[in-house]
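A single structure is presented below for examination.
Chain nomenclature is as follows: A, B, C and D, assigned in order of appearance, with residue numbering initiated at 1 for each chain independently.
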Amino acid sequence: MFALTDIIQAVGLLSCFALLATSRIGACIRWLSFQGILFGLVPLIVHHDGLSIREIALASGNVALKGVIFPWLLLRLRARADYNREVQPFVSFIMSILFGTLALALSVWLTMQMKPALKDAPFVMLDSSIFLIFVGLFLIVSRRNALMQVIGYLVLENGIFVFGVITVVGTPLLVELGVLLDAFVGVFVMGIAIYHINREFGSIDVDRLTVLKG
Amino acid sequence: MPALASLAATVCALVLAPLLFGIVNRTKAFVAGRRGPPLLQLYWDLAKYLRRGAVYGETTSWLFRLGPVIGLATAAAAITVTPFGGIGAPASFTGDLIVLAGLLALGRFATVLAALDTGSSFEGMGASREMHFAALAEPALLLALATLAHATDFVSLTSIYRAIDAAAWTGALPTFALTAMTLVVLLLVENTRIPVDDPTTHLELTMIHEVMVLDHSGPDLGYIHYAAALKLWIIGSLLVGLLVPVRSGDVWLDLAAMLAGMVGLALAIGMVESAMARYRLMHVPQFIVGAATLSAVAFIIRLV
Amino acid sequence: MAILLLLLGGAGAAVGLPSRIGHRVGQAGAVIGSAIGLIPAIRVLAVEVPEGMFGVWHMPGGALHLQIDVVSAFFLIPVFGLSIVTALYGRSYLLVSKSESESAVSWFHLNVLTASMALVIVARDGLLFLLAWEIMALSPFFLVIFDDRKESARHAAWTYLAATHLGTAFLLVMFVVLGGLAGTSNFDAYGAVLRDHPPLASAIFLLALIGFGAKAGVVPAHVWLPEAHPAAPSHASALMSGAMIKVGIYGIVRMLMMLGPPQAWWGWALIAVGATSGVLGVLFALAQHDLKRLLAYHSVENIGIILLGIGVGVLGLATGQPPLAVIGFAAGLLHVVNHCIFKGLLFLGAGAVQHAAHTLDLEELGGLIKPMRWTGTAFLIGSAAIVGLPPLNGFVSEFLLFASGFLAVTHPLAAIATAGLIVIVVMGLISGLAAACFAKAFGIVFLGSPRSTEGAAAHEVARPMIAPMVFLAALCVLIGLAAPAVVAASAGVVAAATGMRVGAVGDELAMASGALTGAVIVFAILIVVGALAWAFRARLLAGVAVPRRPVWGCGYRFPSPRMQYTASSFAQPLVTLFHLFIRTREALVPPKGYFPAASSYSSDSGDPFLHLLFAPTFRWFDRMVSRLNVIQHGHIHVYVLYVALTLVALLIWESF
Amino acid sequence: MHASESIVALLALSILGSLVCLALRRPRHVLMTVVGVSAAQMLLACNIWAAVVSGHGFVSAAGQWLYVDAFSAFHMVVLALVFVLSSAFAAVYFGHEAEDVFTAAVASRFGTLWLGAQGAMLLVLESNNLGIMWVGMEATTLLTAFLISLHPSGLSLEAMWKYLIICSIGIAFAFMGTLLAAASIQSDGATASDALFWTNLASTRAHLDPTLMKFAFVFVLVGYGTKAGLAPIHSWLPDAHSQAPAPVSAMFSGFLLNTALYCIMRFVPPVQHALGQQFPSELLIVFGTLSIMVAAGFIVFQKDAKRLLAYHSVEHMGIITLGYALGPIGSFAALFHTLNHSVCKALAFFAVGRLGQRFGSHDMHAIAGALRADRLWGSALVVSVLALIGVAPFSIFMSEYQLLRAVIGTGAWLTLVVFLAAGGVVFIAALRHLIDMAFGTAGEHDRGARDGAFAAPIVVVATALLLLLGIWMPLPLFDAISSAAAVLAGQP
């Protein structure tokens, strides 16, 4: 069973580095959807007492949302702002990858800090979740394009989701659904915001939004 | 008996004060090889002024008339707190030296305002200079008095001067000597004598005190001159009282000694005036401050 | 205790109906409220039994505890008295100054000011005191900015409130620390705490000196006075300068009473502060062209004099010299009242001048005593009093101060003798300079002939404005002549302030009042001689002709008013002598050639502390701070980075 | 009405109201609905408050899922108060906007989001489950985002985007923290479906893992701290406040920030159980003092009136945080300050908003002589800013005095120096800005345009409140605040 988690971790990390290194937004979105599906399945794998309806609902909801709906939404947005398909990073891709390795090390270290407290959580999942968070943050910080920031946000969301799944057992379904709802609405709102911004500025290039300062 | 003596001293002051100027002028004349005016010249002048009418400037107000009166009144009042050597003043109480300073200040204030009342730029200039020097002279005077008070442990002029006898001198020679020097300077400043001011000059721009009273005439001028004489007498007796420590039991002897001392003072002033030239205006402050420091030094010597 | 309510009532009414009625109500509120407030104060002074009250107040760390003891009563009387006088003066002053509806509101602030001053003085609870103190700091703000169309007024208001607030910060700390140690904010409890911690007492003393000093306007915290007083309406400035800054003195006295047995260096500190403020205050005053600025600087000077007296008193207490302690405190406290009287008078006079001549620039004025007989005479008396000339009230307190100095001088202990000498010399210098300054102020404004057309058009002001001035002038003379009685009467207050027995204090004061009796006798001689001389002169001139001729102009036949000696030229010798402190900025365009074209000279003496210390500091601070801009320059990426970095930093920090 | 019912009713009202607004087609109707709803909720909140204070310390509904104790009840009342004021002001404010600016669509959008946001905040205050609390918090972010850009423009969109991204990330961290907190119980083996109830976490019975609790608190602090606008993670705040319409800004700094702080404070008792008093208060002090200093610095050189107020919010959030860190007296001060600041800041934003409409700009150089241009709002501005910088007799002076007691009581001398110095800077700088705006000859502005019936009452009520609390503390309020502070001290 643990072999499976190892595989997921490996593939997950791969997807992260892909996100860090890809220059075309379309590709990024596809990688994102892949990642969403991948980690959406985690609840099915990491469970302590048999598959319950709860896990299934959770997994399906995630896969549907992060694997299908969000990517679709993002692709449509990209289609609207179609003259702008580049990621346009502040930080070169090489540097991004280097950062990735660094972040990985950091997350492993943090995991080791936390591990003693979380006995029954698989180490690999733990550190990959933290790694996801870092990567998400990095994407938001280092990319000019508004879409990339949404993507980064979703990666971060993935990380937190995975973390929750593997550490906390028995959070009421209500809460989980609420979280999902929020994520959904969040992306939706961001979508609308990007739509407006695009209409207002004729671009979804975030570093034009620097009028307000001081 | 002492009461009688102090009364006599006061009378002497009121009567003989103008004589001092006579002596001064006579001395200067003598040194210059002239005969000079009679000793009683000022008396004749006063009589003449009082008989004359007065002319007033168009811009002046009642303050201009009040000035000389207040000047006279303050001088007269000041006489009553000034001891004549060992002979106590008619009015003597703790802190009467403060009252003395206050009265002098009041007289000066009145004179200056009267001068400003004319609106003449010359008199304004004179007033400004007067205040300029007075602002420095006042602390100097108080400093000197404080030193004397410290040396004699008394806070009343009469008791202070009564305590200044030969024994005290031998006890605190440097202190008294230095303070006396301060008083000399103050005498010259307060009474606007050479080298601070030249009462006989004829160029308004160089005057200090005289220029302030340019527009006064008649009785006012008389008052002013008489008040000036009294002022000279007051500060003179402070100085002489310090320099002539004759405190024999017999008051009349003391009185005589003091009178002699005053005459000597007048002669000395005459000599100084014929010997020295007037300082430039900007040197006068240094002159005063220097004098004040003498007293301070005296005080410090006394402390240790 | 209904005083406060009543005052506030009048105040509220004043703001309620801003119109002519508002004026009436506001004035009535002030007069009636203050009059009623005087009753308990006088009663306490008479029977010397404190009156107090407790109330419920759920504010934690506070209690509603009021008390009028002798000291409070002593300070209440000038506050309320001056409030009445200024109120009587104020209405006719305001009615012509600004649109009625706007100026009516100023009554509200004026009355709140009086009420809060009273509350400060009677408060016996840390929090209550602070509350009242802050209100007292706020209400003048609106009086200073009364004429807010002028940029100067706005800047003055800013300077004022900023300065007072910074002072208040120290008081906050002081009271909170005391309250924390005592476990209660009740004044009675403070004393006990401080007796156990002498070092703390010194710290508290410093805090009090800074905090209250800023309000009283000691150098260098004086910068707000010369800004604020000219800006406010004259009767307000009178109240502020006459009463409000005294509340700072009250605070110092009250703290000294609480701090218990003082230490010698406190006395030295007070003397040092007093001497600096006194001398610098009068020096700066000398250099001013604006009448009200000049008066404001004289407030600084007089605060210095008061502190000198208190300093000598504290020194006396610390070294166990009852005579010194008593005379010193008596001088300081008496000068509080005296300054309240003549400074109030002078500010009201300045207001009258402004009304009559529409300017306070000395160089534009002159000869006002002819059209304005009453104002001129009152102002003259005020000037003579503030200079400390006999036989007026100013002389009385300065006499006491000198006397304490001379007492100290005759003391065998070298330190005390030196202190005495310092006091004497400083006071001598101050009174000499003050004389020069007021010879200038009065002489240039009221004597000679007008230097401008406005000045020429001046007229006497309305009777409701004259009456208060005459009243205050009369008080100056009265206190001067009744000096012995006044001094003897102050025994109770001095005893309370020094914590000595009334009997002992009485004995010490008996000596002083005895001396003053002598002084008064001399004054009597002075007055009699003066009267006689005047009469004699009158008789002499009765017969002969007394013609009027042009003033002697050294042969020049056509002098014009512009050729009179000006204020600046009058003060010039002293200003140059002390230019180290005064720092006058001069602009001179000398005449050139045989037929010189336009040539000009102008001089301006700003406050060196403002121009050389505070303003540069503020500019520097602004520059420093505006560099913060870089951390907020609009890039969302960086903002997110902040969040991330904060998180990571904390995580790492916490992991170790 | 029974208290536990009114808890549900509160939520229901908001949701209902927002749906109704969705349906309404006339701007006036929308505004009236908003006012009506918030007024009704005021009553309900007071009802709950009374029940909590008088009764046995808490009111619960829906089987413990909704749980209100003294602490949350107090916040609830403040929330209701701010909302009544802001809603009434919204009626005034939008009443002055042209028909074609404040169209029916905009109006109904405003009503819906406004009440929705309020519902979300109520959910935060009422829910016992930390997860639901988080959901509510995130919901506020999403709902208020479009309130900022109610009138879409370049600037408002920029502000809205920043707000959206930064706060979403912050909130995400907060969720992480919540998960960690939950995990720290789980790791003890005891599995319970109500694990995330703070009532359980706070109870001394719960065995919490120190390490996880530590990490949890860090995440929560950074997460909700972002939303609360604590320096250095406050960067979204000035932009959002300056671009949002005045009523929205008022609601933002009047209550939204407090809600975030409330969430943080909910975590403090359990953390204290796990790690002792020291750990959380250290962090809180750091953030508090840092916020005060940074805000003070920025206040000095502000040009835009609303940004100025925004930085004031940062400063006061710092003050409140500081208070929470300083023991019982501090908590008392903090809660008292919360009330004062909310009212005062709301009033300030109202005044600036209306004056901005009059002068056609929020630039402080454009606004001059406000007192002459508009007596009512001019004086409102003077009062509110003076109160804001801690001038007596306004209530903020009192709460800051209480805070000072706490600071000195705990002997935190460095904090004391920072607090006083920053306070002095703020005072001097803000006073200069105020004088420039309020006094002097009035600048270019539109005359006429009488304010609605609400205007005067709003100003009077707010001013009266500030003044009254400044000189007199009513006993019930005292009790309420004390019991709320007691909750924080760990005895619910």
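Keep this in mind: a residue touches a chain if its C-beta (ideal position, glycine included) is under 8 Å from a C-beta of that chain, and two chains touch if they have at least 3 such contacts.
As the structure is a prediction and not an experimental result, all values here were calculated from the model.
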item	value
Chains touching both chain A and chain C, listed by label	D
More contacts between chains, C-D or B-C	B-C
Core chain by centroid distance, with centroids computed from Cα atoms only	C
Whole-Å separation of chain centres (CA-atom averages), chain B against chain C	36
Chain A-chain B separation of Cα centroids, rounded to whole Å	101
Distance from chain D to chain C - Cα centre to Cα centre, in angstrom	44
Geometric centre distance via CA averages, chain D-chain B, whole Å	79
Junction residues of chain A, two or more chains touched	113, 137, 140, 149, 206, 209-212, 214
Touching two or more other chains - residue numbers and ranges from chain C	629, 632, 636, 638, 640, 651
Full enumeration of touching chain pairs	A-C, A-D, B-C, C-D
In the complex, chain D residues that touch chain A	129, 131-132, 134-135, 138-139, 142, 145-146, 149, 152-155, 157-162, 164-165, 168-169, 172, 175-176, 179-180, 182-184, 186-187, 191-193, 195-196, 209, 211-212, 215, 238-239, 242-243, 298, 301-303, 307
Touch list for chain D against partner chain C, complex	161-162, 165-166, 169-170, 173, 214-215, 218-219, 221-222, 226, 232-233, 235-236, 238, 283, 294, 297-298, 300-301, 329, 332, 371, 386, 391-393, 397-398, 401-402, 404-405, 408-409, 416, 420, 423-425, 427-428, 431-432, 435-436, 439-441, 470-475, 478
Contact set on chain C toward chain D in their complex	57-61, 127, 130-131, 133-135, 138, 145, 148-149, 151, 154, 157-158, 161-162, 165-166, 169, 172-173, 176-177, 179-180, 621-622, 625-626, 628-629, 631-632, 636, 638-640, 642-643, 646-647, 650-651, 654
Touch list for chain C against partner chain B, complex	366-367, 369-370, 380, 384, 387-390, 395, 399, 402-403, 405-407, 409-410, 414, 417-418, 420-421, 424-425, 427-429, 431-433, 435-436, 439-440, 442-444, 447-449, 511-512, 514-515, 517-519, 521-523, 525-527, 529-530, 533-534, 536-537, 540-541, 544-554, 559, 561, 563-565, 569-574, 577
Complex contact set, residues of chain B against chain C	50-61, 63, 65-66, 69-70, 72-74, 76-77, 80-81, 91-99, 101-103, 105-106, 108-109, 112-113, 116-125, 127-129, 131-132, 134-143, 146, 149-150, 153-155, 204, 214-215, 218-220, 223, 285, 296, 299, 303-304
